[in-house]
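Structures incoming, each one as structure tokens.
In the two complexes that follow, subunit A is the common piece, with subunit B as its partner first and subunit C second.
== the complex of A and B ==
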């Protein structure tokens, strides 16, 4: 029983990391109705930024906050410089551009920082851990909670959050009442970049830092976002946690570690085929 | 290779093959009055065919091998182009079908001693079947979601191939080594030359098949579904059937390419079929030209030779260049090299035909 509980809680911890990345995906989906395939590689790149800041001698939390800020700016810049030009294009062109960004980030990280695997520190003191969960697992869950809380406050209680929601729901009317819709989209991308960087920095101590570290995580985040509903932040968090726990339990007791990614694939296909809206997502009916 | 499917009605600026909606179905009708151009095209095709046949006698073995891979990629890109270019279904996981074809060829040759030439049609048939089946869940997935599901397939595949449940056949992480076949009937060709012609034979079949398919009723239906899905349905096109069919044929061609690729490389292993293989194929059709048969050829040459050149700059350079070019082409030349060539020849012809 103890072992089972341990596995479930460990799943909750990795699940919270998937949930963060899923949140980043939802952030962009809500603003633009696009699924950002390069989100994982972007988060990986952010983590390398954090790593280089720490190599340069900055303490962990300073590097942590600086990375979030840099990722925010980078995300917004990518939207303004590249994605904006494809906003009204076909789905295919947008997907191709995302794939292009994915390969650029991946190769840029390899080019700048090398392909050797690097260790990444965990900021949480060892004493925090207990018999069921390690310090980093607890810390990752805590950080995810803080991120979620900040997002809820931002979207529910601030005028800017309201403007962002308005811009994504009805861009034309929003523009008429004076909201700069283009900036709101950039803001959404910035937020997604920032949240993704948190996910990257939380997962790096577990999987170690290398240019391909996020490809699996991105898949679980996709699965989590889809399970919860790709247009619902709360759903993304629940979905991410659920996928994390299921993945860990199935990996430990049923399918073994080597088929975990196939499990994510199975979830993705199953959700898309059976209930594309996910658990909490709004069901879209298109009029013919 | 003339692109009659997208006839010369499409004037400059080269409209984006997929975004182009209203004129798409009409523009796909072959134009008849192209007599003058036809002669030039026939001449060009003859020269091209002559060059293709000269390659294995003019180059050293390693370069013959590289050109064999160009031909292999050309088949795979034709396959992906049928699905993504002509039918508008985005697949980021076609590397999976390539891998299935490759593994079928390798397993049949290595474990069951089946002759190499027989493994290629078998790989095609199996991939046709799997692709057709995969097409059914894909029916419910529009654009982005299909991309997502196929992307997941591509990411999960290497792990699946390494799995110990399949190790008996796939050889796990080690993969399978296969032996290069010799030329039959006492032909005076070395194995590399023979494989080149063997692959060229399948390229020709694939080209003829694709061209005829796209000109047929089925081809028109496939393009109509891309351009006007609702109107196509209202006209009585069986959308579900043709979408699955497009998926099946696309997977079949890519699977055949995989089998030929495995025979040429003499080796299959899970890590050769990572998500980056699927991305390479996507790069090939975008840069070669979406919804264009000749685009598959340009794309194949591109993905075979540009990484080799870029490799000299840095290990990571090919992928950085791929990524940058993907975005640039989407921005500047969405119809790819084929579209650029088409626009240029069109402008040329216009200038010649205008009275002084």
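== the complex of A and C ==
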């Protein structure tokens, strides 16, 4: 029983990292109705930025905040410079651009920082941990909760958050109420970059830093976002946690570690077949 | 001739197809002007051209300042509200969120609250449904919401594209009486595109008739009502 609890809680901790990355996916989906396949690699690249800052002597939290800011700017810049040219194109062309970005980030990180595996520090003091969860596991959950809270406040309570939701749903009407739609898209990408960087910095102490560290995480994040509903921040978080716990328990007791990643794919397929909107995703109705 | 709102030689095209061929007209501040014409005459395109929603040539001045060439968002910020064809509802947002978006460019929160109450006083039904998803409203309610969203901007000029489209005669009457009230009480200038020429002429002070992308005729509503062609073709008597 004790071991079971341990496995479940560890799953919750990895789940919180999936949840953070799932939140980044939700951000871009909210802004553009597209799923960004390069989100994981972008997060990995951000983590290297944090690592470089720490190598240069900056303390952890300074590097942490600076990385978030840099990732925000980088995300917005990618939208304004690259994605904007494709936003009126077909879905397929945008997907190809995403895949292209994925490879570019991956090779850029390898070229700049090398392919050797690096360790990445955890900012949480050891004393925080207890018999069931380590300090870093608890800390990662806490950080994810803060990100979620900030996002919910932003989307539900601020005019800018409302404008972002509006711009993604109906760009023409949004312009007619004076919203600068192009800025909203850049803002969505910036926020996604910032949130992704947090996910990267939280997962790096666990999986270690290398250019391929996010490939598995992204798949779980997809599964999490889909389970919860890709247009709902709270749903994405619950989905991410659920996937984390299930993955850990099934890996430990049922299918073994080798099949864990296939499990994520099975979830994705199952959700798309049974309930494409996800558990908390809104099913929109409209009269015509 | 220099009116408060002046349109000169406005041309517009969708891709290679030209739709407007040098449309000129002017609006007096505080008036209601109707834009009449058959299907395909260019009425909707004229409204869209005024808001830079299509590629245009020609000049548009509001209160002596050029607004042609500005992007849509900036024209809106100058106080030109456009109630588009098909109503442009944010169907997945609530009624109140739709209205708050209308006031997106306004920064004074207290004023926005006052505006919200004023809009609810024009359209009490929207207040009852404030928390409801806007896509679930009936056609008439969505039209009211669309007009209300435009009013939340506190516009100087309201462009209305066929507010009667697809609605029952009762609802159309209600919406026309509210347009009259808005014009009277808030001194908002209205440019109204309408298929229903007789109702539009009853409401408006003056009117222009568009034919094949050109202004064929213009004058006061009374003159238009008495004009032979208008009577035969558009009023049907």
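The working rule: the second predicted complex is superposed on the first by the 282 of 288 C-alpha atoms of A that agree within 3 Å, B and C clash if a C-alpha of one lies under 4 Å from a C-alpha of the other, contacts with A are read in each partner's own complex, and residues count from 1 in each chain.
Assume a contact is a pair of C-beta atoms (placed from the backbone, for glycine too) under 8 Å apart; a residue touches a chain by one contact, two chains touch by 3 or more.
The structure presented is a predicted model; accordingly, all values stated were derived computationally and were not measured.
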item: Touching partner for A:80 - first (subunit B), second (subunit C), both, neither; value: neither
item: First (subunit B), second (subunit C), both or neither touched by A:52; value: neither
item: Residues on subunit A lying within both footprints (that of subunit B and that of subunit C); value: none
item: Parts of subunit B lying in touch with subunit A, wherever the complex brings them together; value: 16, 18-19, 84, 88, 90, 92, 137, 140-141, 143-145, 147-149, 151-153, 155-156, 159-160, 162-165, 230, 275-276, 279, 282, 286, 290, 314-320, 322-327, 330-331, 334
item: Residue ranges of subunit A in contact with subunit B within the complex; value: 34-35, 37, 82, 85-86, 89-93, 95-97, 99-104, 106-108, 110-111, 115, 215-216, 218-219, 222-223, 226, 256, 258-262, 264-265, 268-269, 272-273, 276, 288
item: For the subunit C and subunit A complex, residues of the former touching the latter; value: 51, 53, 71-73, 76-77, 81-82, 84, 88-93, 97, 100-102, 104-105, 133, 135-139, 149, 153
item: Residue ranges of subunit A touching subunit C (in the complex, touch as defined); value: 159, 162-163, 165-166, 169-170, 172-181, 282, 284-287
